[in-house]
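Here come two complexes built around chain A, the first alongside chain B, the second alongside chain C.
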Partner chain A sequence: MIQPQSRIRRSLGDLSERALAFWLLVPAALLLGLVALYPVGRLLYTSLFRRRLTDETGNSPVFVGLDNFVQAFSDERFWTALWNTLLIVLVTVPGALVVGLGLALLANLPFRVKWPVRLGLLLPWALPLVFAGLIFRWFFDSQYGVINDVIVRLGGERLLWVTTPELLFWAICLSIIWKSSSFVALILLAGLQVIPRELYESAAVDGANRWQSFWRITLPLLLPAILVAAIFRTITAFQTFDIPFAMQNGGSSFETLAMYVRTMSIENLNFGYGSALAVLMFLISFVVTLVYLRYVRGADD
Partner chain B sequence: MKWDHPRIWLWVAAAIVVINGFFPAVWILLTSFKTEGELTRIPITWLPDNPTFQNYVQAFTNAPIMRYFLNSLIVAGGATLLCVFVSALAAYALARLRIPNKTLIFSLLVGVSMFPTVTLLLPLFEMVLALGLRNNYIALILPHAALSIPVATLVLVSFFQGIPKDLESAAMVDGCSRLGALWRIVVPLSAPGVFTASILAFVNSWDEFLLALTLMPSQAMRTLPVGIQFLQGEYSFPWPLISAALVIALVPVALVIAIFQERVVGGLTQGGVKG
Partner chain C sequence: MRKLFWLLVAVLVMSAALAQQTRLRVFVGGQQRPDVMRKIFDLYQSKNPGVRVDLEVGGATSDQQQQYLTTVLASRDPSIDIILIDVIRPAQYLASRWADTLDKYLPAASRQNLLRQYLPAYSQANVINGQLVALPGFADAMFLYYRADLLEKYGFRPPTTWDEAIQQAQTILQRENNPNLNGIGFIGAPAEGTVCTFLLPVWAAGGDVTNAQGQFSLTVEQAQRALQFWVGLMDQRVSPPNMAEKPQDTIRSEMQAGRWVFGTMFAYAWNRFQNDADSQVKGRIGVVPLPAFAGGRQASCLGGWQWTVSDFSRNKAQAHKLVRFLSSPEVSKILAIDASNLPVFPALYRDPDILRVNPWFGQALPVVQAARARPQHPRYAEISEVIRVTTNQVLARQKTPEQGAREIVTRLQAIYGGR
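So, the complex of A and B:
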């Protein structure tokens, strides 16, 4: 044990601070470079070629300039997938924020025993997305699902959730909202806990009721956390893949952009066009990330 | 205003949060004790009529659940070790040393963490094919480790910042090198942070589906999420078996989360909100 340590000390102990910082950052930079940065460069490059593993262009790609992007813009399946993805974002982000805010407000009450509530927020977060998809696929089963069971007990009619396109969309959205609202709640709960209690007390002294102090104190002070959660959720909702994939057992009657990118690249082995689709997806999500970074930096100042 | 909510409302509030979070897990637990016959009866039953362990027997014998479990354990364990080691080095540099462009580095970290995984999929797939690493643990360990570097680094930076600098200086005066001080003072003191980062990295890898599906697709190399997803047949949905498999897959993670919940919550909100 002593041998290697003293060797490290001899070789690294007298490095200048700057050199040490450099060498400490290198492993992380290398790994991220290999897995994240190089792939993005490679993606941009491949998107300019016709390259399919299923024909001769697999070994000798043909440079086609921006043809793949031109093709994407007239590809109906691309627009449908993009539209579906945007619908998912539009429904599930506000949905998860509202449900998450509700859960956070409930979880912030002064419970004597805190762990059941905290665990109630953590479990959905820790549950793999695919498993959430599988479980909700079963919940929404038209014959044996618990949701239709409750609907029938309440006097309603069985709904064909999985086989009716519109209902499938809502089933997917509800599953995503359930799965993601807990993470939102955890972030908002952290925000709620730093709001000084004296604010509420002095508001109460001034005669404000709970409703008023929610609108005048809680919501404005929570806004930064809400925005962060909203941007996080937007970025992940834009990448939605696992839940619709699992709920349709790999089928694609409801297809998101991520699902289309994977099918085109990995299933159809159309590397050139698949890359172009991925580049488009990357660009959209990059813009949202820039907004986020600007917002966070602005909030830090 | 006094915070004397009537106790009944507290119970209702707690019940809503707890039921919302636990219901799916409890439901699959109940289902895993039901027979196929009971599951295909209408109206459906909520509690199992004749609780049976048959599904677990089947999950352990017929379906290669234990193999998937082992694969998940190797991948998530390897990715966590690699990720936390690499992130701890970087986080120490970011927390303690003078570095030019520190803000830029933090922005890059957060930016990279938001790359859509699916856009990295094809280049990674090509690399893995070219290197002949498809269905090799390495093919999944490296990307899983890398994808958790941002969150692990952010969590560790804030822990390192909380350790008084004087301790380190004292150790260095006593003849420790800077790296020696890192190893003997900072690392032990930041054990909770290292632990939190490890849990986050582990859960991220344990849950990951898209890369695992594409880079380790062969039957013997599937991780739990991929393996269990493929228990669905084209025309069949063997739900009793799937729910038993789900319970087996969820128990370890649920235990870790339950035991270390405060750390996990702290880590999540630090890594998330601080950005």
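So, the complex of A and C:
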């Protein structure tokens, strides 16, 4: 009689390497399917229905094909939200890269005690987005905010930051850049530290000044890290929600795509249309991710 | 494997033992005085030993609470049995089939008897399409709070018209010459209270969002005049230029710090002015019905909170019993004394115990009786968003009152037209 344990061992041993790999990957695939594929599939499915919890379609959805998407393309509010989201990407991604690079260079200086600089780098990154939004909401308060206080002390007029659209946009961008540049700095700092010191030394021997060695050595060698940071930042910038939401008391004078999706689904209970908007948002993130994957594959080659 | 089996058996036995006692979970908002609610639940538990009532406390505003509840209810989560909902929500709860309507526990005759005891506005607000969706917990309406000491100093009586209020505010601001003092505070942030701000002048002018048949009837002219009135307060400098930033509770805390002469707010503010440790205005605040607009009409905005049973509850009968207790005169009195919540029973406005704590309740009854309700509609959330966001943008001077009025009317027409 064969002992059960040895039978298992034998059957595992019988597996080809390929089959073994398959069985070892099954749990991960199942998990991924459960937390990623199922919800996205479900979202796609819901986006094809008229489903509002405020009428009878809440319990018996009606199939409408691509109607929700057609509606989105003629929905002025969707285009405004998309445009606002693009503006956020265009301003805050380069903004965070520049500030993040500065911070990374600063943190890479040979300080004797390194931890205060590193801690300063990590703190904004560790802070929840909503908190950052609320803190900046107070900074920009027209009556009690520190920003207006400084402006008034310098002899200026109080500005209505939160309720004037143009000012609000820049206040939001500034908050996002503050919040996200530390993430960029962390990636760039890692990139900086793998640049061999000898390169700078030989450049110095060749008579290059600091500026030249920054342009000729640091920047080109840091480019892969900058690209990674830029792509990650772009993906999260497309999903911008927390900071503009918290800064406007939940109002929607400046609305990003993610904010519109939330209002449509969670507040207006229009889940069919809300899902269609979310699918469109998903497609955008998907395209950006494809670009990223292409880049990673390119780097492997 | 065997260990796991016994563990499972143990869990089952334990849960069966716990099931002997009914556990009800009640959801209330953070601003609904959870401490007072707990006291009321303890009272119920001592009378009903077989029932344990758990309290779940939600966000601090009506919108925040509903966002959370939407997630819970849309996923048919049975964990919450009873919910305290805003007076604007019964229609949506019925349409979404989130509420277990109370009719099956009440024969028609006793339902009528029960509803007759409440203030008529609340029996109306809770019956949608003939179905009883919820029972009233406490009443609310908007009032004018004023600095009694300042008005007395300049020999003014509490204003009965807005023109009077504006004049008084102008005089007081000029003579006091205090840069930290503001005139008339009203709700202007894009939150739910701003819907009331918009509707007050509309109602006073004899208009409303719908007519008696429930058809959309708001005109651009009515909407424009309403928006113009509030913008006018800022133009006349009795309200500061940043009103678009102010939610209700900011006005309340500023008035508590002595920064406003007048403030339009719901009833909860009184208790905070009188009892909060940091209140600078203890004993110096008076409260009267909102002033009348030109033409002599007065209007207030009906608030108030209702108890409803979740349709996903597993203890509906027990939950219904608790809701009946929570909407009883006994509880209404506790809420009036401990939380200055306005009673839903007219007789309690003359109750000596209540008047000792809230002397102004004597004048409050006619205000609550005359207060107007915001539109009842399953898609109220969208109606509210259109009104509060647009009103906020007009107050922030991003749009003129005329542009705002056109936008409000066009977008509301679309919602009422089923689009």
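Going forward, the second predicted complex is superposed on the first by the 267 of 301 C-alpha atoms of A that agree within 3 Å, B and C clash if a C-alpha of one lies under 4 Å from a C-alpha of the other, contacts with A are read in each partner's own complex, and residues count from 1 in each chain.
The rule is simple: a residue touches a chain if its C-beta (ideal position, glycine included) is under 8 Å from a C-beta of that chain, and two chains touch if they have at least 3 such contacts.
Quick caveat: nothing in here was measured; it's all calculated off a predicted structure.
Applying the stated contact rule after C-alpha superposition, one finds that A:I177 touches neither chain B nor chain C. When chain B and chain C are set side by side, the one touching more residues of chain A is B.
Judged by the touch definition given at the top, the superposed model places A:N268 against chain C, while chain B stays out of reach. After overlaying the two complexes on the shared chain, residue contacts for A:L121 are found with chain B alone; chain C is out of touch.
When the two complexes are overlaid on their common chain A, residue A:L134 makes contact with chain B while staying clear of chain C.
By the touch criterion defined above, A:G58 reaches chain C but does not reach chain B.
Looking at the shared chain after the overlay, A:L32 reaches chain B, while chain C stays out of its contact range. Look at A:V162: by the touch rule set out above, it reaches chain C but stays clear of chain B. By the touch criterion defined above, A:A21 reaches chain B but does not reach chain C. In the overlay built on the shared chain, the residue A:N249 is in contact with chain B and with chain C.
Across the superposed pair, chain B and chain C both touch chain A at residues 141, 143, 249-250, 266, 271. Within the complex formed with chain A, the chain C residues making contact are 63-64, 66-67, 70-71, 74, 92, 95-97, 189-191, 240-242, 244-245, 247, 378-379, 381-382, 385, 388-389, 392-393, 395-396, 398.
Contacts from chain A toward chain C in the complex involve residues 52-55, 58-59, 141-143, 160, 162-165, 248-253, 263, 266-269, 271.
Interface residues of chain B, counted against chain A in their complex, comprise 1, 3, 5, 10, 13-14, 16-22, 24-25, 27-28, 31, 39-40, 42-44, 46, 82, 85-87, 89-90, 92-94, 97-99, 103, 105, 107, 110-112, 114-127, 142-143, 145-147, 149, 153, 176-180, 183, 203, 206-210, 214, 224-226, 228-229, 232, 234, 237, 239, 242-243, 246, 249-250, 253-254, 257-258, 261-262, 264-265, 268-269, 272-273, 275. Chain A contributes residues 5, 8-9, 12-15, 17-18, 20-21, 24-25, 27-29, 31-32, 34-40, 42-43, 46, 103, 106-107, 109-111, 115-132, 134-139, 141, 143-146, 149, 152-153, 178, 182-183, 186-187, 189-191, 200-201, 203-204, 210, 225, 228, 232, 235, 238-239, 241-242, 245-246, 249-250, 258, 261-262, 265-266, 271, 274-275, 278-279, 281-282, 285, 288-289, 292-293, 296-297 to its touches with chain B in the complex.
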